[in-house]
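So that you can tell them apart, the chains are marked A, B and C in the order they are listed, and the count of residues begins at 1 in each.
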Amino acid sequence: MIQDALDFLTDSRSWWGRNGLVNLTWNHVRLSGAAVLAAVLVAIPPAVYLGHIRRGGIVAVGLVNLSRALPTFAVIAFVFPLSLQYGFGLGFWPTFVALFLLALPPIFVNAYTGVSEIGRDVVDAARAMGMREHEVLRRVELPAAMPLLVTGIRVSAVQVVATTTLGALVGFRCLGTPILQAIATRNDGQLIVAALLVAALSLLTEAVFGVLGSRLTPWARNRAVETKARVQHAA
Amino acid sequence: MFANGPDSFIWWDWVDRNTDKIWARTIEHLQLTGSSVAIGFVIAMAMAMISLRWRRAYGPLAAVAGGLYSIPSLALFGFLVPITGLGFRTAQIALVSYTLLILLRNIVAGIDAVPASVIEAANGMGYEPWRRFIAVDLRLATPAIVGGLRVATVTVIGLVTVAALVGSGGYGTFIEDGLSRARGFSTPIVVGGALSIAMAVLFDAAFVLLQRAVTPWARRGAAGGAHP
Amino acid sequence: MSRPVAIRLAQLCKRYPGADGLAVDHLDLEIPTGEIVALVGPSGCGKTTTLKMINRLIEPTSGTIEIHGRPAGALPVHELRRGIGYVIQQTGLFPHKTVAGNIATVPRLLGWDKARTRERVEELVDLVGLERQMLDRYPSALSGGQQQRVGVARALAADPPILLMDEPYSAVDPIVRARLQDELLDLQRRVHKTIVLVTHDVDEAIKLGDRVVILNVGGRIEQAAPPAELLASPASPFVADFLGEERGLKRLALLRVRDITPGTGPVADVGDPADVARALMAEHRVDWFGVREHGRLLGWRWGSSLDGTVQAEGVQPFRAVVTPDSTLRSALDGIVGSLTNVAVVVDEDGAYRGMLRIDEISEGVRD
């Protein structure tokens, strides 16, 4: 097994070319990134708005949680024929749709919760200082909701990166492809290498978003105190 | 596309002709899901008990469960095949591993959330420790545990679909069939996918209802009394 | 002590692991049956630790606890606790059980049948002053005061002879607290339990306790005495300090009008000649007199307004009117600021009984 792994790693064909690990990883990252980005663009505005007016949360969260129940592979399978039929090609779009749906819940729920959970007293203080609604949102609620928001994106991204491997089943060339191949050829070494790569990618995503998170929210240590201080500075 | 023929999205004739197969796959899917979640629950419960007794054990146990969870499903299935071969058992081992993190976390979180004052009062009133654990701690943690079972079940239903790759049966079989055939015959893929989704959604809804049913005290609104 | 002893603490010690000193340092205390004993003291004085050692929620490091003559360690701990009621500040009501279910907890643990349990639950709900329809509600639907009452009902469900209360009223607002305290006193009059109450509020201890134990750090008893004695003669500067200001007024709150004999006061009847009124005013050395008709005091008038016989019209009402049940403190409160400097004592029918002056009140307190 280890021999197989080493063989795989040292073979330059493994790394380069259409089916090379470099290209596969790039595809993998591309698709994951696209799905998460789409989810961010679609989920955050309504989530933040609903969180601000503190209304409609239950319905929205319920709908979103429904999408959490959708089995990713099943969605891929379901969209696959449609995608073929309408000329959208094989692997990318079905996988994208499924990953997009997978990415939505954590981002939406965390954004909504992050904004709506901010104490009424802080929001009232901001309003009392003369801030208009959109200023309250921009200067007070969003900054305070940042930690939770970023956590949502992070959780989402890590899940998406791990799940993108399923795209290989419908022909999308990603890190799932060598795994599938390894299953077929009983090449455990290759399988482990590919699996470790995905795991590494997941961890990397976790780390990157973790760092990004703490950069964007240097005050996240003592949230309650700092939020009030921010309100004072922002006004 | 929606005309009824082998080229269309769903060819209903195929569905008619294969109802017994659909039924068989349904049973397989349910069996695999049910047994995996059940076994996972037992193991997770044991892990939770250990963590409650020895706080320090939680970190390592959660890390193991988390590690298993982060292995991509394809990889885990693929890795087990040389060891346990193709089929039900292989899938089951992988699926049980995936349920552990969710269930462990939810069980422990649920029990931790029981207010300390309630525990103290129960002890003070004369509950023996074990009886109190079951009648108070677990009972109050039940909603969280059911929540964990909900996520675990729905996740497993989705993964069983992928597990067809290693010969476990279930709806994924239709999808595999469809993908390996010539293009243009989408019916089994659609049917497989749709049935998976339907089962997942149904179970999700059922668990939501169950969760509400085990939490009668949260349903009644917190109305104040007429006088203090 | 003439009363039998319900709980005896002997050389009780508790050292927490890793701590320097003893949280409770060789405490000796006897709790008589049927009395409310209040343990008060500053934070860290070990009052809650001591309480929790009685029902063994905390195990003593050394020393003994005897309950009705038997060592607390002799019984299995859960049996011991089922015989002792326990009420805590946050109530600890089971969120997943209804009010009825909560109250029924210990009876069910003891194996009572459903009918007997139900009967007892209803009895208790009435006893603590809640409505029967609350039985099927969940604790989250109740107010703080109602929850506390359920807590007490639950503690009394199996009719334990002893009740332990750990700061039960600290978490409710003052108005509710006063009511709950009155209800406890009322309850005690009916059920006669042995109650050990821990509180940080010395006024609460004085109000509720038949005996008040003032503890200092380490569970050292500074003084253990009935509230009146405590207020009259604090044993040390610490105790005096802890009792707070205005000890004299606090003592007045403990005494009732019926405890002292009122004077007769300058009271003339309607129709009496002016001389009678003048003689009364001279005797009592005041320049006003009271006017009475058919045994009821109508009010008073200035001596200068006397004109012929004593009349009923033009009479001013007395500012301070008290009954034998009123506290001397409320009598004093009425006297202060009145023009006549007296409080009038009447009985339940409104018949005139006498008048109290400040010096008579002072005398009563001195004794």
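One rule holds for everything that comes next: contacts are C-beta pairs under 8 Å (C-beta built on N, C-alpha and C of every residue); 3 or more make two chains touch, one makes a residue touch a chain.
It should be emphasised that the depicted structure is a prediction, and the values quoted were computed from it without experimental measurement.
Of all chains in the assembly, none touches subunit A and also subunit B. Chain closest to the overall centre, judged by the mean of its C-alpha atoms against the mean of all protein C-alpha atoms: B. For subunit B, the chain with the farthest CA centroid is C.
In whole angstrom, the spacing between the mean C-alpha positions of subunit A and subunit B is 22. For this pair, subunit A with subunit C, the centres built from the Cα atoms lie 63 Å apart. Rounded to whole angstrom units, the spacing between the C-alpha centres of subunit B and subunit C is 58.
Contact residues of subunit A toward subunit B in the complex are 65-66, 68-78, 80-82, 84-85, 162-163, 165-166, 168-170, 176, 179-180, 182-183, 186, 188, 191-192, 194-195, 198-199, 202.
Listed in rising order, the residues of subunit B touching subunit C in the complex are 115, 117-128, 131, 136, 139-140, 216-218, 220-225, 228. Put simply, subunit C touches subunit B in their complex at residues 55, 57, 78-83, 86, 88-97, 105-106, 109, 134, 137-146, 151, 154-155, 164, 172-173, 175-176, 179. Against subunit A, the residues of subunit B that register as touching in their complex are 1, 9, 70-79, 81-82, 151, 154, 157-159, 161-162, 165-166, 171-172, 175, 178-179, 183, 186, 189-190, 192-194, 196-197, 200-201, 203-204.
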